[in-house]
Amino acid sequence: MTTHWLPALVAIPIAGGVLVPTMSRRWAPAWGFGVLIATLGVALFLTGLLREDTVSYAVGGWPPPYGIELRFDVLSTFAVPIALVAALAVPFATHSNEPVTTPEGVAVILVGTGGMMGFVVAADFFTLFVFLEVLSISAYGMVAMSEERGAGLAAFRYLLMGTVASIVILLSVGLLYTLTGSLNMADVGQRLPDGGLPLHLAIGGLAAGFLLKAAVFPLHVWLPDAHATAPSAVSAILSGLIVKMGIIGLLRTPGLEHLHELLIWVGAASLLAGALFALVQDDLKRMLAYSTVSNIGLVVLGLAVDRTGATVHILNHAIIKASLFLAAGAFIHRAGSRRIEGTGRSMPLTTSAFAVGGIAAIGIPPTGGFTGKWMIVLGALEAGRWGFAVMILLGAVILALCYARFVVVVAFRPSPADREGTSEAPLVMLVPIFVLAALSVGVGIIGGPFAAFVGK
Amino acid sequence: MTPLLENLDYAATVVLLLIGLWTVLADSNLLKKLMGLNIMETAVFAFIVTSGMIEGGAAPILGPDAAPPFMAPIPHALVLTGIVVAVSTTALALALLLRVHREFGTLEIDELRKRW
Amino acid sequence: MSELFDVVLLTLLILTALAVARARDLAAAAILFAAYSLMLCLLWLHRGAPDVALTEAAVGAGVTTLLFLVVIARTSR
Amino acid sequence: MNPRLAAAFVTGLAVPMLAAMAALPRHGSPDQPIHTHVAREYIESGPETGNLVTAILLDYRGMDTFGEVVVIFVGLVAVLVLARHREPALPAASPSPIVAFIVRLVTPFIALFGFHVILSGLEVPGGGLQGAAILGGLVILNGFVFGPQHARSLLPGRLLPWLQGAGPLAFLAAGIVGGIATGFALGYPTHLPLLHEAMLMGVELGIGIGGALIFSRLYLALEDA
Amino acid sequence: MESILFEIVPELRLHLRFDALGVLFSATAGILWLLVLPGPRRGRRYEALLALSFVLTLGVGTAGNLLTLLMFYELLSLAAWPLIIHDETAEALAAGRRYLAYVLTGAAMLLLGLAVVTLAAGDVGFGTRVEVPALGIVLLLAGFSVKAALLPVHGWVPQAHPIAPAPISALLSGLMVATGSFGMIRLIQVMDPPPLAILTGVSALTVVLAGVVATRTDHLKRRLAWSTISQMAYVPLAISVLDREALAGGIVHITHHAFMKGGLFLCAGLLLHHLGIRHVSRMGGAARRMPWTMGAFTLLSLGLIGIPPLSGFVSKWVIGAGMAQAGAWIPLTVLLTGALLAALYLMPIVHTAWFDPPPSEGPQVDPPPPTLIPVLAAAAITIVLGIGAALPGFPLALARAAARGIGG
């Protein structure tokens, strides 16, 4: 089936982003929010269409493999959380004084969202690379939006490592093109030679590049500084969405089964390392960043044992991690600085949303985090990989202690004397937090049918 | 090793790529790292362009006197897009470097590690 | 496939890249980088890729190097 | 990472990569997949005359070029987000009269050449982006010689935010018009040659002007970041 | 009567089901929660979480399959954590961390066990028996024993009880620990467990050692905490005997123990609140100052020891009869030593409270009615359940009905 809404999914946010700089600072966030809600509508419509049949679109009228094909398949349903989190992040940021809601800031977010849309629907390796660059550059820009000293350096290190990854990915795409003569994913998949060093170099290169973009241990060193110094609204986009693009790229890599053994070990290492690093952090946003590394590790491990479980987990985790970062942002906003001890006392709603998000991040049954984790544990057991199943649960225990520690810091420590007057977060911050927290539980409750839909 | 002599062009691009990678990893100045990054990018573009070459091939410009065999045109289109991607990443990186310099006063890593 | 001219150009290219990597002074490195881009442009011109050569010259040697020089000027003062 | 360790890592990496390169199909051999699969289709059934690369850039793989134009736009916007600190640009040293004269003399010709490259992209090597780089380089040259304020005066004033997005906007227009004319976004209608030419020309101009303004603003943003 | 709810994971659905065991457990939870409600106001957060924990305990009671049971079980542990560290002292926070570490590791073991079981038998409902690999059952039993506070993993109980506010300690002892045993009973309801020598040994050891440590602990709440560990170990002991009558005794013991230990903790809370007494050694003459409270305390202690007319005796008698019937002599001796130890660590408290001279004369300071009534009610319930044990509809009857449903 083909529909004009598929290219529109990519065009709307980009058009919105291109037009934003012509507006005044007052109207930019409202315009951004409107464009993103429209994109969310298109994404939901396309997901509805997907139930009957995969939606594919030949750009320019040239049928694949000659022209570029856009394809809306199960992985592309990631467009829904992308549009949702981005749409909620823009109003959330109107309160922070950081330049997130200047016309240029909103343009970066909108074009970044467009880049992500293009990335998830591209069915052509080079188009995938180009939109990967669009979302990466907007990600580097997002990190640099913070007024904090050192944000520039964190953004530069992220850019350096991210671009090296992109270079390796482009080299691999070039190699695949040399080996198969075509760039269309399905076509390349069929024409792949069945072995040979160039093929392994290409697949290894793609995997390594995407693993770095997904901040999997040991290639994660850029993530903590970048996500901690970025403004909170933007950290939600970075940690919830942009890190997942690496995983979606990995899922698009042909011939991944050659690397299953590697993925299992790298995933398990990232799972444990992320959790242990998170345990020793004393800053909330750095802890959340390392918790992302841990959950991404779980997903990479899941890729090798139960692909559907991994896909379900990144979809749920996007919403969960976004709500956690927004809650953290609300605490920091009310505390006026990164020292957020005791701010939760006068912010019961935000604290409870943070607690629900924490429970979901750990993966306790009714919440979204459990569905994916459960399927991956089952997959690991079926594959006879007992050690890894135990590691997944151990990681969850460590993460639980991390989140508990910060619930204590936020809600059980006395707040310093000078900050008596803190009150609940403003409504424009609370609504996004609660929408995302409610969704992270709602997604969990419909876990079964949702996994069946993803597994189709 | 004889096939390597035939694919000398590919080998050259790999050498360029590795020189760039070495600069990115080893150089202590952030601006030099950025130059290393650009060298890596141009190396990959060189690889893609040479992969499209054909013996005695003419430029993919169809005209009255142009005769086949032609170079594969797709690599050229890819590299054109790649170069633009490279320049925009570099421009953003340079802007970030200016901010780093304004905040820390230096672009040398050893100094930066001390001051941050 | 590679005649003598190409081989010479390739080796020169690699030598320039090494020069850029080794150069300590930033301005010198930027100028060497421009030379590197122009040499790449020459290689592609000779190998029958005019579009790419023109782009590499205009964007690589032109805009990128100029931006490098601007930043070097602003950070050295 | 200290240089020796990096050198060891890089040489370690060299061995498998060079081996892989050796294992690739012989360089330049006509029967390798690149020449026998998609490329042959373009060469044989493609347009009879004109620059095949630009045809691919705009027609066959229009989405890539759309992405490319969006990339430089997002690069600019990200830099502008950063360049919020309006430090006064350093006053340019007054240029020697010879340089000033030559640049003032040459500028219009380079501008003309730039536009020529933009518009002639369909027939001869060149195209929107190459022209944009030339025009951008020209503005930067004037900035170097006469100072950023002079370079800014070369750019349009109120229309700048609109024109800097000319690239993506041109593609969006081509997408919609192509969608209506051929049923597929970014499709160039072969049955309406006049519209076909006009669309191609319009997109090339969009990329060229948009690109030139973006390169110039990137330079100006770096000047007073 | 049961209802199948959402399918939260492929092929596994949430499943609520009312059966004898579930009704008994939920009723006990309901009544104990009523006893615990009155008392000084402790802020919105406390009340909200108290209500949430109550709902979750009901969920544990009415869970229809293993997944739902584990879900409510884990959520209950997490909801109880902020209640335990309610006083926000450094000591409380440390105890809270220890509690979380224990409980979360237990939850991890349970989840692994659930995965193994689901792989073998799909959705494990509590209606039909299933064939399951031994590893799965061992993992599940180990997971439940963390909260049932069997010996190696009991560490969190003696630390969490003293620092938690009195009503929470009452709930912790009365019900939270009981959910562990409740889980074990649900397990053997559908799976035929592997040779239970380990379970018998561990629970026997727990009964004896915990009892001995209780006799030597001076801190009143900590002594009661050790007493909970010892008393609640009766249930796994009864399970391991695999006799229907002993199992019924174990089930009814959960209910009786909940009211008795809950009442005792409430008394301890009143003593601390009105007389500032924390340690048994300083309880001399407390009865003269607070006759009603100490009266209830004494009666509850007697019930706990197992003196005939009270409910404690009933549950021990039924368990003993079951063990004798199954010829399990060692568990029977352990049962009796447990009762003896109970006397050893409860009677001295009663003795010092009534007969030792009070350190300083003072007016009678019995607590105002709203906080006194729960304690007296607990004592009354102990008496009523004791005397009316054989009546239909009483816990014993329900327990026997539940035990009949369980094979083995």
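Think of it as A, B, C, D and E in the order they're written, each chain with its own count starting at 1.
Assume a residue touches a chain if its C-beta (ideal position, glycine included) is under 8 Å from a C-beta of that chain, and two chains touch if they have at least 3 such contacts.
Given the structure is predicted, the values throughout are model-derived calculations rather than measurements.
Contact with chain C and chain D alike is made by B. Of the two chain pairs considered here, B-C and B-D, the higher C-beta contact count falls to B-D. Among the other chains, the CA centroid farthest from that of chain E is the one of C.
Relative to the centroid of all protein Cα atoms, the closest per-chain Cα centroid is that of A.
If you average the Cα atoms of chain D and of chain E, the two centres end up 74 Å apart. Measuring from the averaged C-alpha position of chain A to that of chain B gives a distance of 28 Å. Distance between chain centres (mean CA atoms), chain A to chain E: 44 Å. We define each chain's centre as the mean of its Cα atoms; on that basis chain A and chain C are separated by 37 Å. The set of chain D residues that touch two or more partner chains comprises 17, 21, 23-24, 27-28, 34-35, 38-39, 42, 51, 53, 61, 64, 67-68, 71, 74-75, 78-79, 82, 125, 127, 129, 218, 222, 225. Looking at chain C, residues 1, 50-51, 55, 59, 63, 67, 70-71, 74 sit in touch with two or more other chains. With touch defined as above, residues shared between interfaces to two or more other chains in chain A number as follows: 126, 130, 133, 137, 140-141, 144, 152, 177-178, 183. Interface note: chains touch in the pairs A-B, A-D, A-E, B-C, B-D, C-D.
Those residues of chain B lying in contact with chain A across their complex are 17, 21, 24, 30, 33-34, 37, 40-41, 44, 47-48, 51, 74-75, 78, 81-82, 85, 88-89, 92-93, 95-97, 99-100, 103-104, 112, 116.
Residue ranges on chain B touching chain D, taken from their complex, read 1, 3-4, 6-11, 13-15, 17-18, 21-22, 25-26, 50-55, 57, 59-64, 68-70, 72-78, 80-81, 84-85, 87-89, 91-92, 94-96, 98-99, 102.
Of all the residues in chain C, the ones that touch chain B in their complex are 1-2, 6-7, 10, 13-14, 17-18, 20-21, 23, 26, 29-30, 33, 36-37, 40, 43-44, 47-52, 55-56, 59-60, 63-64, 67-68, 70-72, 74-75. Residues 16-17, 19-21, 23-25, 32-39, 41-42, 59-64, 67-68, 70-71, 73-75, 77-82, 84, 161-162, 164-165, 168-169, 172, 175, 178-179, 182-188 of chain D are the ones touching chain A in the complex.
Put simply, chain D touches chain B in their complex at residues 1-3, 6-7, 9-11, 13-14, 17-18, 21-24, 26-30, 34-35, 38-39, 42-43, 46-53, 55-57, 61, 64-65, 67-69, 71-72, 74-76, 78-79, 82-83, 85, 87, 124-125, 127, 129, 218, 221-222, 225.
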